[in-house]
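There are two complexes below, and they share chain A, which is joined by chain B in the first and by chain C in the second.
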Partner chain A sequence: MKALKMMLAAVAFAGATAQAATNKEIINHVSYNVILATYNDLAAKTAELSAAVDALAANTNQENLDKAQAAWRAARIPWESSESFLFGPVDSLGIDPLLDTWPLNKLDLDSVMSSNRKITVDLVRALGTNLQGFHTLEYLLFGDGKVTNTKPAASLTAKQLEYLKASAQLLAEHTAELAHAWTTNYDPENPAAPGYVKVISTPGLNNEFYSSERAVMEEFVQGMMGIVDEVANGKMSDPMGADIGSANMALVESPFAWNSLKDFQHNIRSVYSIYTGHYKNSKGPGVKALVEKVDASLAARVEADILNCMALIEAIRPANGGDFGQAIFTKDGRARTQTAIDALNALHATLESEVLPTLDM
Partner chain B sequence: MKAWIVLTVLNLMAGAALAAPQIDMDYVHAEKSGGETTVFFKGQSIWAFRNPAANLSEEEIARHLTGDALFERNFSDDPNRFEYGLGPVHNNTSCNACHAKDGRGALPVVPFNKEWVPLRQNEAVFLRISIEDGVKKPKTKENKFGAPVPVPGFSDQLFHLGSLGVREDLPGTGQAQVWMKYDKTQFTYPDGDVVELRKPVFKVMGAYDEYFDSVTGEMKSRLYEKDVRMGARIGTPMIGLGLLEAIKESDILALAQRDLSAEGVSGKANWVFDIEKSMAGDPYPVSMGRFGLKNNTPSVLHQSLGALRGDIGVTNYAFPDESIAGTPLYDAYRAGREPHAGLEATDQVANDIVFYSQTLAVPARRGATEAEVIRGAGIFHQVSCTTCHQPSFTTGDHPIQAFANQKIYPYTDMLLHDMGDGLADGRQDFDADGREWKTRPLWGMGHTQTINPRAGFLHDGRARNLEEAILWHGGEAEHSKNKFVRLPKADRSALIQFIKSL
Partner chain C sequence: MKWALALIFAMSSAAQAQEKTTTTTTTVIQSTSTTENTPKIETKAEEAPVLTQVATVTEVKKEYPQFEFTSYGYISFSQAETFKTVQNLDPIVRRSMDLAEFAFEGEYKLTDSSKIEFEVEIEHGGVGTTIEFDPFEEFGEFEQEIEKGGEVVLHEIYYKKDFKKTDTAVRIGKFPLFISLGSVLTKPHKYPTILASDLEGRMMPLGWTETGVGLEQKIKYGFTARAALVNGLNSEFFRTYSWVGGGYQRHFESMNADNLATVFSLEWGNISKGTGIAYAQYAGDSTDNRYKVDKLKVPAEVRITTVMGNYKWKGIGIAAEYIEGSLDNSDKVSAANATLGGLAKPKAFAPLGHKAKLESVQLSYDWETPGLVFFLKAEHVNTFADVQGSIVKNPRYDVSRRSGGFMWMWDTAAFMKVQYARDKTELEGLPETYQANVAFGFDLSAFEK
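Presenting the complex of A and B:
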């Protein structure tokens, strides 16, 4: 019920703000106030995570561990909220795998912990992508996630704290590099290259990557479609398997913090942001403003569908505690997951067959 | 109508001056680059290479999607994980890492205030290595029918990454550390325009067998000996590979028979070891090469499963032994560890990766009706690019019915050509010598840098854009390059616009 109220309020609001915007205005707003803002938030939140981990290492108590865990969850939000626009530097600078490789290699992590090796940023940098980034930090901060997603501060070893510090610092370094690439210079080899936000927000014949506004608008819509499909048919379907017997906890992402459902919601939240142009306190025209010109009812329906998908993902959460990884092992949880998957697939079909064609109307 | 007239004139000019082979000029207007497999993308998008061929059956699309997930799978060296199989040495941890979004890779970032940078995790480039004595030998079972000679104690590929425990001295490193820098030169057009060109140079340090020679005062390794040749390879686009596999061998060999001596061109086929024939017990398991930058593998299966075992270290039914089996590094790593039973990739996983690699669609042409693009298409032929970048074929049979009998526009003759000293890597690879490379297909070029803004062209990713790639052409392509550089700037630009429309 609460979700429905929120949804109606948002629909009414966005309808009022996004009138008669041009593609240029949409692209400008989405590029700067959604995409760039998200990457700046990511850099800021990972820097805060690094500071929180440092504080935890300096003074290891439950309060500081709680703060570090909260900082991890907070940093996770902008990262997952960037997944409908994985364009440009996140790939070309090879940053994605350094932040978010799954699975974690627990065996090797244990082996580093039990060695006499001094743990430094450079050591972690040289280790595999599956020994750094969000999920390594998650495991060290939250424990193995099997019975609970909490970890007693007293169980943190000196080595784990060193590893936490080094990998949090590295995570913040990589996200700062990503934010710099979007704000200032997308190619460190070419000081004359602008921030990627400039590239995507100024399409035209002189633009190497996007020759028209339509091309950028298509990139936005394809990005929305891409993550909707990924959440439904990758992140949720794969671990769920065909039946309870084939459900696979090892395929669940963010299983240690029990943060999977939040991850998925923020993935879809990023679709909402591109569509409505609404990111945090910033409001402006998004893709919806273009759809509205062609078909106002379609424009409103898509927004409602996006919000409904987020609500259906939250509804997967087991009433008696746990997260996605626990839900897929119960009959009810699986039914709720399937409902969300079906809604996401329907949204994908609408984006492909109804929203995408509006670019040419 | 006007465009056709211009083209006809150009065609006649080219024909009169050069006795160029007959090229079917329908390529100028053709939009369905992959025939009925083509997918349509009106704009530019990072998703342009990520689609299954348009004419697959529902069952085939489901299989493609299964392969898609595997292509992105991060293999792990943790035997407790179901993704087990990575390493012990490797160049990357997933297929997708080198073929980002199924497109081209980029060289490591060299910040403008730095010179040498190390190859770290998640780079899209690795080094092929071999021993070279300059003598071409008959193909025998002993030399794997003309395969490059692996460096003793190493392999035919240098693995810069290693699982934990492979190198106690350098955690994360594989057989050796690899460093890269750029050598830069300038090219000046006859009209005075200047272009800076860059070429990656690699050095290898910290080899696992390295020792200090007190007599010479140098670090020594088998890898540092003078007879070792190294050549960089960058991740290439995954589109249309099943279609290239379906081109009739006789059509490719016919192109090798052309007399192009007037242009200084002489394409040839590579004849290479064929793992499928070998597994079937064929006493002479050799086939025409089609894939790899020197046409050194005959099929998508051989190429994909070779890369799965090589680049990622995942053993499979076609390549069941670890890539460094039999070397001291491997023996030392294995000592005290339980041997892993069986292959790391199941046959199903291996075959689904192959199927996925065969079935990625080629996107349709864009802007094919624009005057500038049409003009560029004519210039493309006028400067004889079409000689090697053969615009079209009609495919023959293929086990995947969707690829059979399709009129396709890949812009490659599938043959090897001497590309000159500038591009040479000095390594023989079956019948390819150190200066020869396969003509790269040009389809999808215009999407390449939207997908990956730093994507680099040519075998080692050195060219930052198409103009640089053209200027590196030498050897048999010298004739065409010289014609290109003498063009007015507007014509050079039109030609590049045409390539970007592909």
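Presenting the complex of A and C:
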């Protein structure tokens, strides 16, 4: 009887694996329908942000400021949702720091504002990375981040509007360059180089970067591990400090817009996308399909852990308003933050010690 | 390059000619015994062997090569104000200790007119890596761990040939550039401050040595002229906080030498001994030494001009320098560097000034009996003295430092240095900060005073 059960189980397993996605299918789906789709969204949303900022500069009123703020938040979603795959052109072309350097250097920004230089795209381009990108726009569009996350449109100066326009245009330019690198040409110095999506989706001995499907799968898993670690031990842990007295608002990412918790959630959402292959309406095989072949219960557990981490991050939000930057200054907010950090570190350990080895099984 | 090779050839020919005219009969007894009747004799003379001396074993002295050795080093303790982040400008105080430097300097004398000099420096306690193995972590993999930051560096190694008849010297190898007080006053007992120049490192390589060939010629009336052809800088690593200093090629095993640089100087007296003044000039392109050769297609010539002096009279000393530098196409270099990836990513530090300036004056009084030297020093550096294109002058890199303190040489070669400094930048809103340093060290070269 026992032997019969084992045979049935073996047949069932064989049937299941016969239908499971191959590594090639996983890589194709993730590369085109998750990563490339995210970068295309990013380019589109930052172009919309630039247009919204232009409209604000042309007609500075509260309605247009609200629209520009909404456009900033919308552009933030695909960017933060890309942080589990910060490999390829976003790294090799040095685009990441141009988009998302934090903390913003307010001191130098004030110095530029007080100079008599005309603010142009080229001028902002020549400044340090901590004077351009998402957080410079955030600083100028939103409130002080301490007591409010908005401001009256009338408080925007002509110089600030000039800087906003130049920064938004530059941001859109960089994200367009990033999308182009993935779709068309990953190396501007070599016009014959294909889009990076082709490179990553066709591993093999002739591939300069990925000699095997395993190498691509490891890139995916290492990317997931990297952002889980950064959210837990960098983005959340650093500003929290050892106690309330050492909590540091200046280290909080996206504090002016009170968008920190959304940022963190989208970071983990990007882990979910790589893992499950789900991005917006697109569904297909992700890393989970590979893990399932080895250990179905582990595959399900990891998915549940990822969703749990996102829920725990949302739970940090203070009931009486504010965001992460306010939560770390309250005892219960810190406790909720610590719970999320612990869960993220546990997820990281699972990815490292249980998911990563499945690549070799 | 051709002229350098021709120069070396000409100098070595001249050297040989000088050697021939000064050859004398020398006899070296390789092995001898007082109980043997006939000692074995080897001769270098062209004439028939002549026994000029019969000696016992204890009297035999091997003339060349001779090895001489000296060493110096120091440990420092500091307390300094700094900031948590750029958005939090209430200064906090941090303390640190640093096994800052330990150097071995040796020379092999090959003849009475030629030698090989070298210096090995162990900075910040050296470096260290280990391989670890833990079967419960990382699936039982061997892991390489960095155990200690720091540096072990062959700071200089060169062959030096003196041509005594013409008062000429040639250096071949890696040698200090005669371009600033920081690269001329290399021994700690020669300056009372903890570093020879505190702010030079914000503008150019500190203690700058390069590989190449150098010629030194003593002229009448106490003048010395120097010329060198050396390896150029790499503009890929120029950064806002150190201007062209980061281009000092130490990142890779070999140095790119597609661009060379020239260094000329004229010294009157001897700056190293506290009796001289000098004018020096460095010039060299830095574009072709980049690794990413296609990112920059315009020249990035670096020119540095220095006037410096170090003079002591009846215990009163003055050491001063003025350095002015320029970087061609600094805006285009900044733009090319801004898009570097990976470890070369400059992050917020890509913008570069077109012109940089440094002024430094130090007054000192040497109270000889207890071995105390008191000093006051004022320095100023601005690496955005002028800009090109869309680069903005950044007042954070316009820095003034005032310091005072003393050096106490309580033994011939052991010293304690105390220095208190205040830094101020021209960036509005950035508070002035202080740092207090104490250093203990030794300098065996002080015995040679």
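Observations, loosely collected:
Note that the second predicted complex is superposed on the first by the 342 of 361 C-alpha atoms of A that agree within 3 Å, B and C clash if a C-alpha of one lies under 4 Å from a C-alpha of the other, contacts with A are read in each partner's own complex, and residues count from 1 in each chain.
Heads up, the rule we're going with is that a contact is a pair of C-beta atoms (placed from the backbone, for glycine too) under 8 Å apart; a residue touches a chain by one contact, two chains touch by 3 or more.
The model shown is predicted, which means the values in this text are computed figures rather than measured ones.
In the model built by aligning both structures on chain A, chain B clashes with chain C.
Once the two complexes are overlaid on the shared chain, A:129 sits against chain B and chain C alike.
In the superposed pair of complexes, A:105 makes contact with chain B and with chain C alike.
Contacts of A:250 after superposition on the shared chain: both chain B and chain C are touched. In the superposed model, A:209 makes contact with chain B only, not with chain C.
With both structures placed on the common chain, the touch criterion links A:93 to chain B and to chain C. By the touch criterion defined above, A:189 lies against chain B and chain C together after alignment on the C-alpha atoms of chain A.
With both complexes superposed, B is the one of chain B and chain C in contact with more chain A residues.
Once the two complexes are laid over each other on the shared chain, residue contacts for A:62 go to neither chain B nor chain C. In the superposition on chain A, A:120 makes contact with chain C only, not with chain B.
In the superposed model, A:218 lies in contact with chain B only, and not with chain C. Chain B runs into chain C after superposition on chain A, and of the options 217-225, 289-297 or 307-315 the stretch responsible is 289-297.
Under the contact criterion defined above, the residues of chain A that touch both chain B in one complex and chain C in the other are 91-94, 97-98, 101, 103, 105-108, 111-112, 117, 123, 125-131, 189, 248, 250. In the complex of the two chains, the chain A residues touching chain C come out as 91-94, 97-98, 101, 103-108, 110-112, 114-115, 117, 120, 122-123, 125-131, 189, 248, 250-251, 353, 357.
Contact residues on chain A toward chain B in their complex (touch as defined above): 86-89, 91-94, 97-98, 101-103, 105-108, 111-112, 117, 123, 125-131, 186-191, 196, 199, 208-212, 214-219, 222-223, 225-226, 233-234, 238, 248, 250, 359-360. If you check the complex, the residues on chain B that touch chain A are 41-47, 65, 69, 74, 76-83, 93-94, 97, 100-101, 106, 109-112, 120-124, 161, 163-165, 170-173, 449-455, 465. Every residue of chain C that touches chain A in the complex is listed here, in rising order: 84-89, 139, 240, 292, 294-295, 331, 334-335, 338-342, 345, 347-351, 389-396, 427-430.
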